[in-house]
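Here it is, the structure, as structure tokens.
As written, the chain order gives the labels A, B, C and D, with residue 1 at the start of each chain.
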Amino acid sequence: MAITRDTTVDWMERFAVAMTEHRQELVALDTAIGDGDHGTNMDRGMGRALEKLRAGSPDDPGAVLKTVAMALVSSVGGAAGPLYGTLLLQMGTALAGRPEVDREAFAAAWRKGLEGVQARGKAQPGDKTMVDALIPAVEALEASADLDEGLRAAVKGAEQGMHATIPLLARKGRASYLGERSQDHQDPGATSTYYLFKAAGEALAG
Amino acid sequence: MAITRDTTVDWMERFAVAMTEHRQELVALDTAIGDGDHGTNMDRGMGRALEKLRAGSPDDPGAVLKTVAMALVSSVGGAAGPLYGTLLLQMGTALAGRPEVDREAFAAAWRKGLEGVQARGKAQPGDKTMVDALIPAVEALEASADLDEGLRAAVKGAEQGMHATIPLLARKGRASYLGERSQDHQDPGATSTYYLFKAAGEALAG
Amino acid sequence: MKKLINAPDDVVVDALRGMEAAHPDRLRVSYDPAVVVRIDAPVQGKVGLISGGGSGHEPMHGGFVGPGMLDAACPGQVFTSPTPDQMLEASKAVNGGAGVVHIVKNYTGDVMNFDMAAEMAGGEGIEVETVLTNDDVAVEDSLYTAGRRGVGVTVLAEKICGGAADDGRSLQEVAELGRRVNANGRSMGMALTPCVNPTSGKPSFQLGEDEVEIGIGIHGEPGRFREKIGPASQVAERLMTPILEDLPFSSGDRVLAFVNGMGGTPLIELYIMYAEVARIAQDHGLTIERNLIGDFITSLDMQGCSITLLKLDDEMVRHWDAPVNTPGLRWKA
Amino acid sequence: MKKLINAPDDVVVDALRGMEAAHPDRLRVSYDPAVVVRIDAPVQGKVGLISGGGSGHEPMHGGFVGPGMLDAACPGQVFTSPTPDQMLEASKAVNGGAGVVHIVKNYTGDVMNFDMAAEMAGGEGIEVETVLTNDDVAVEDSLYTAGRRGVGVTVLAEKICGGAADDGRSLQEVAELGRRVNANGRSMGMALTPCVNPTSGKPSFQLGEDEVEIGIGIHGEPGRFREKIGPASQVAERLMTPILEDLPFSSGDRVLAFVNGMGGTPLIELYIMYAEVARIAQDHGLTIERNLIGDFITSLDMQGCSITLLKLDDEMVRHWDAPVNTPGLRWKA
């Protein structure tokens, strides 16, 4: 089964719910190695994104992601705003005009999004950022045969990437100010990225 | 036995020691109904006064009291500075030129000092101030037959006056800002005044 | 107690050393007796203007010494009024032949020490006029108490009298204007936290985790009452209502609104308070023609604020707007 | 958490309402997107100067909008960088045809949002030059980290670039000067207490009753190390030593010394710190030609301070001394 406008909207709504539910968890993670606002920022941003979705009613998956991207860029701020904004903007652009999206196109869009995030933030794998959750998830999606399997694998990949950030020493973002004190903490952005894939798995799997 | 220059210096030295020993007690009393500096102010002031006594070596009881008065005026500040300064300045002036001071002259000097304090501070009896310790002490000194008896009576009078301030509602000084909340607290200035008489009893009795 | 100090007993002297090091071009600092004097004092023919009080209220008073405001300030120990010898020294240093105005906050200690100083200055042939400030509506005023405390209006009186003195007004005129400013100004303060006096090292009062103290003084004196903290809008009402009723201020009045921080409150909160003050003033038909927002008369590290409203007339506005060049207040110079 | 606010989510908007109510004669405030613009912007032919960042650092940046300093400021949520649409709006509002300088503190979020804004502004034909400040020596700098944080130097760069822009300098010249200021400035901060973010309601870090945190950031980021509190002289050494070694500053240098309060520290303590800074500077043969003491780049209610030293040249001094008229910094106007 392919990804449609409606399942994409469902994905974004589930992600918004997750950001509200896990707001405190993300705040706690960001308080430990950052400035404690990641949960608040993402929750505020996705709330704004849903408003825009309802107002604009975009008519294909790409347009949905672009709408969310613009809302995040103009309401999240911090590092996560430009990063998630760039991620979804690149994905939306890659999917422009397609009413239905299959695994291959979806994986390609994620690749473009990942490239956009790295271009914007200059983070390398292992720098303890959302990139560490993105890479294994995107690679899993690329490697799998069909969408359902790919989504399952991507969620697992994101989860592993998220956990893998715990021992890492942060080299980008606020956490890098802590040097070694940034170790033994899970990266907030990698955690919100895992929830993005988790929501995708729930909404987009047939 | 009459009061001499040396016994007057001894009196002031004992008062200075008392202000150091009871500094915290006076601070605590002033913290409860004032701004917590009475002990610090008096201790600092009497420390300065002893320096001046050693430097100046005044040659009669009146001169000793004037020296202490000027030192207090220029180093205590707050309400207590002008009040104790005026008290001792008036006493010193009253005793000017006498190498030896008997009970009668001493009592008369205290009366002048008390009048000076009331002129400076406008406090009436019962306003919960040092005046409430001064009045019974001075009256006792005036009423008694000889110096030793007078000093004992004055110390007792000051002590009773000091305790009598506890239930009073403050009408002068910072404590008056508290209205009824100033009740059930002993007045700091009445307390330091009691120590002034106590030191007199120790130093001036034959 | 955690403070950026060397030793509790050195706080005032060390801060004066900082003032002297920071503003050698504007201020002369003497230590015994402690006096801060504008560098070019005495200004011949100009009425001299001095004030003083316990330390711990910075920038008041030393930070207000300079052209357009005070000619000298006498810093006492923390929360303890200065002594007559300081005030005499200051009066001599700023007397340009036109007499000296003493601006005195109404506290027993300040009043008695300035009284002695005025007597001494008179003895040395210096004409002194005293302006007593007592604008704190949190304290009930009566013949049988020490009367109201002088708080926020003191800052406004120092600026406005400074403008008038620069403008060549006579000793009487400057003093009269100062008294008029005091008569038309009302203040009230509140605290979120007590302050910690470096000498005692202890909080000036105890306050619950969710309590505020309404009607506090600037020496950590507890206030009229305490209550559970409410929104800024409610705190503003608590302070504005007694202020508005006391003068009273009435619809059509032109006012200066002064939102003052107690020392530990961030500016962002003072602006939030100002928004509420402006709303309430408007609801009462007042026109805020001038305002002042920031830490000007503080209480060490206390968190909280005070509000002062001054009913303006043209002369006050003119002298408020006049150039001022001090470390703590500066414009048009 | 006890604060003078109405609700955690309204802090920034309510404070902006206060700014708008307090300074209608000088500032224009828009709320969506949130931008504070000087009333007479754009000034034709003048290089436009904007900055922005998370709120909670007041008076920076909104308090520095006005003649001689910033043309506009973009306030983000508390401690969260603002968004590109705010910066684009501000750039449009202040572009007088000579281009716009973005003064950006080096934080990942600020940098990325300003990058996007610069791209958008370029798309609309506005020439943008970015000045990145990264003066915090508490953070080790390297290609493999986010690099040093921008702190105290930002205030100095905003004033000095503002003076240059008023002086008719070109976009390139103003940006170059700003970069030179950053290259010649170093800062370090410390905290006696953490700050409490209104959104989380929790202290940004834990500190013992007798501990200080050395090397903190302005968002409650913990510092390099913590130690038992010592006298002000020792705290000053802790901050000055790495600053002096880093540039390095050497005997004979002319400097501007900036002692900044973190928001909850009383002015009297900042002057005590300044006395120590002046002593240390003198011991190292530096000449302090200018100074700034007070709360200018704060961290909500945090108690503590930061020290910034800027190695001066004649051009910097001239533009520092130039008239400035903003709510937060004002002289000669």
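The rule is simple: a contact is a pair of C-beta atoms (placed from the backbone, for glycine too) under 8 Å apart; a residue touches a chain by one contact, two chains touch by 3 or more.
This one's a predicted model, so the numbers in the text were calculated from it and none came from an experiment.
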{"item": "Furthest chain, CA centroid comparison against chain D", "value": "B"}
{"item": "Distance from chain C to chain B - Cα centre to Cα centre, in angstrom", "value": "32"}
{"item": "Chain C-chain D separation of Cα centroids, rounded to whole Å", "value": "29"}
{"item": "Averaged-CA centre spacing for the pair chain C and chain A, given as whole angstrom", "value": "55"}
{"item": "Where chain A touches two or more other chains, by residue", "value": "none"}
{"item": "Overall pattern in which the protein chains touch one another (line/ring/star/complete/other)", "value": "line"}
{"item": "Touch relationships between chains, expressed as pairs", "value": "A-D, B-C, C-D"}
{"item": "Touching residues on chain B, where the partner in the complex is chain C", "value": "27, 31, 35-37, 40-41, 44, 73-83, 85, 120-121, 171-174, 176-179, 181"}
{"item": "Complex interface listing, chain C residues touching chain B", "value": "33, 54, 76-85, 107-109, 112-113, 115-116, 139-140, 144-146, 149, 197, 199-200, 202, 204, 217, 219-222"}
{"item": "Of chain D, residues touching chain C in the complex", "value": "2-7, 11, 14-15, 17-19, 21-22, 55-56, 58-59, 63, 192-193, 209-210, 212, 229, 231-233, 235, 263-275, 278, 291, 293, 295, 298, 300-301, 303-305, 325, 327, 330-333"}
